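When the chains are written out, they are named A, B, C and D in that same order, and each has its own residue count from 1.
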Amino acid sequence: MGTGYLDQIKQEAFEVNMGIVRERLVVLTWGNASAIDRSSGIFAIKPSGVSYSLLKWQDMVLVDLDGKVIDSKFKPSSDTLTHLEIYKGFNEIGGIVHTHSQWATIWAQASKSIPVLGTTHADHFNGEIPCLPYLNKAKVERAYEQETGLQIVKFFKDQKLNPMQMPSCLLSGHASFTWGSTSQKAFENAIALESCANMAYHSLKLNTKIEFPHHLIQKHYKRKHGANSYYGQ
Amino acid sequence: MGTGYLDQIKQEAFEVNMGIVRERLVVLTWGNASAIDRSSGIFAIKPSGVSYSLLKWQDMVLVDLDGKVIDSKFKPSSDTLTHLEIYKGFNEIGGIVHTHSQWATIWAQASKSIPVLGTTHADHFNGEIPCLPYLNKAKVERAYEQETGLQIVKFFKDQKLNPMQMPSCLLSGHASFTWGSTSQKAFENAIALESCANMAYHSLKLNTKIEFPHHLIQKHYKRKHGANSYYGQ
Amino acid sequence: MGTGYLDQIKQEAFEVNMGIVRERLVVLTWGNASAIDRSSGIFAIKPSGVSYSLLKWQDMVLVDLDGKVIDSKFKPSSDTLTHLEIYKGFNEIGGIVHTHSQWATIWAQASKSIPVLGTTHADHFNGEIPCLPYLNKAKVERAYEQETGLQIVKFFKDQKLNPMQMPSCLLSGHASFTWGSTSQKAFENAIALESCANMAYHSLKLNTKIEFPHHLIQKHYKRKHGANSYYGQ
Amino acid sequence: MGTGYLDQIKQEAFEVNMGIVRERLVVLTWGNASAIDRSSGIFAIKPSGVSYSLLKWQDMVLVDLDGKVIDSKFKPSSDTLTHLEIYKGFNEIGGIVHTHSQWATIWAQASKSIPVLGTTHADHFNGEIPCLPYLNKAKVERAYEQETGLQIVKFFKDQKLNPMQMPSCLLSGHASFTWGSTSQKAFENAIALESCANMAYHSLKLNTKIEFPHHLIQKHYKRKHGANSYYGQ
């Protein structure tokens, strides 16, 4: 059996990889995106070391959840094992975006979570966007990229965070991951993250004691998500 | 009688909805614009859930001041009831723009009004741009979007603010609304708001004790507006 | 005798008026540029109230140094009298640019001069870029735009500033004027001003006690200007 | 023997000179790039005073390591002697980029080195990016551009910094130089510098006590550089 039935996730992953560059979430090659086909347990991810200007959707590398590359002349992104662990840990997600986008990375470098200060944030993220601690030396030396994914999944489980309601996290000293039910949703969440990170930074410089009311978080998150959602600007 | 005579406001509303995206006042779908025909009491507003890249002027949704949708296959923006209450409360305005533009939203999230620090501001806004308080829980639960509009109209009435001289406000924890005698003027005011919000933020970081003289506010506002205006750069 | 021999300054003024929009020094219509023909004492300036998208070089308005409009269907910019007084006061300049560009205006609103913190600044401006005081009420009421020009010329004379070595100033609560031996030089100085204003703001936030050595100011200014200049990156 | 075999470095230098403008690292003419052919000891650099819009690859000026211009109708950039001294001091580099890019220059004007706060930085620069002291008056008067190059080489030698692991420095009150094994790598490092300078500024405003762990610096630098590198997003 060929892999032709996986062309769709290759195309989806390609579109998002190009999108994060176009939206200036990626400088140089600092980012990558993937999309998964849950029925086969195979995801498509950016190849390693291919220039964006030459990239074709056919170049996306297929990888299964054991980390085996399927039918590709390219190596997958060096961050592949992080994507893999996130897919294994978060069963409902269909796509992942990793970027070093400026404002999200500014918070990650400061090792601080992004608080909810407004409805823009609450429309996408049901609470503060957590910043995970620095990965320790033993984990970095053992298997850096895999441990990064394992850390994310463990953190969400320990903190009882629902990855469908909090589709993003920051990694101290590193950058951001976002995800969603599809790779397109993951992309939109990456755009939302960058904008919210920017606005939160500056709002706190204007007013250090912002108290955004909980009922507005709930209202905005629920009008856009779940059974009774009705949002559409 | 058909709605053909309303094509003009559909075209106007379309132009402004595209304009706020082009001018980067809107990220993702965080914004919408409308234009009203005062003779019929019908306004045209962005449809809900249609991608900008596919949007046509014909898709604009017509809504009357009772909130009834006229002859459309689309639902109107989820913020329609806010627009409606503003049109009902402010009789002289012809268009409304709502955006989560970065700098205006930074002030809204900080729950702070934007002071007049220069002639750029005074050319468009005759005084500080007010930031309204957070909407309370009861109002959010009763009818969030309608209450948002009612709050704006009540605030301007209570504060004796003339909406034609102060064509904008911020909503704490949310974003901005601007308006004008036409939807084009509302659009220009939204651009002016974003620029003034940006500059006010940084000017205050350079000098916390700015005292912009009242006679310059008056001069600039009046050379551009009203019976004796003569401005035109 | 026709005004055909003045086509060149109309074209020059047009190019710079379009340039300041393209370089994003101008938001909406917040800016204008002019070029002067010194032999006839006539300058060309942006017409009032014509949209940039429709503007043609032929639309530039010719004005003489008595303020008389020559052969034009348009009114000149409402800031014309400011340009006129600057041309009368600074004999060697060939062009003037007025913009509310973001960073220059941020300093103007803060009512602060921009200090020399680096060679980028020193390449264009031989010292701190002065911010003039707020114009008083009597002058604003008498003849606002003319008094603005008179204030600039008087300030440079009182402070013994050479307008060819300091081709810019800020006006408290307002914005910036730049000039140069040609309108193209005035345009380049407006671009340099905006960049230096931006960088000075942020450098001072990193280090409040910057002491840029005087010998570097002199070296950079002189390698680019005057008899022994040799600069050219 | 002609210089045709040097066409490649002229083309490379041209591409990078255009690239730094396109990437907005250069405002006006504030920057230049060069590429060297090590076998002949000749480098190609931007000509002085030619507008970018007219620049052709054939216009790049060839200069040998004695500073002699080879077969050119143009003068080389006024910063040529700085490039020359860097090429003489750092034997392994193939290209140099000098820009007054905004964020790098902000740090240079503040006379502060850029600390390592994250993996983005550590991927390109193995430690803090040093800011060298102001050049003293005697050196400025003797031979400003040459002394600038000599200062950089001496600083790296004194501090035992490996220019291949730290391919950039700032000059107090001036701007930045970056380099690399090729001019393309120098270009990428200039882009990385600007982004890291931006993010470091803001991260430190969020958290003044960032302690980025040393093991992450090492991991990131080594997965991208040297014998065991495997990075490729």
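We adopt the following convention: a contact is a pair of C-beta atoms (placed from the backbone, for glycine too) under 8 Å apart; a residue touches a chain by one contact, two chains touch by 3 or more.
From a predicted model like this one, the values you see are computed outputs, not experimental measurements.
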{"item": "Smallest count of steps, each to a touching chain, taking chain B to chain D", "value": "2"}
{"item": "Copies chain C and chain D touch via same or different residues, half shared test", "value": "different"}
{"item": "Where chain B and chain C are represented by their mean Cα positions, the distance between them in whole Å", "value": "33"}
{"item": "For chain C, residues that touch 2 or more chains besides their own", "value": "205"}
{"item": "Touch list for chain B against partner chain C, complex", "value": "117-120, 123, 188, 191-192, 195, 198-200, 202-207, 210, 212-213, 215-216, 219, 223, 230-233"}
{"item": "Complex contacts: residues of chain A adjacent to chain D", "value": "27-32, 46, 48-49, 75, 77-79, 100, 102-103, 105-112, 134-135, 137, 140-141, 144, 173-175, 201, 205"}
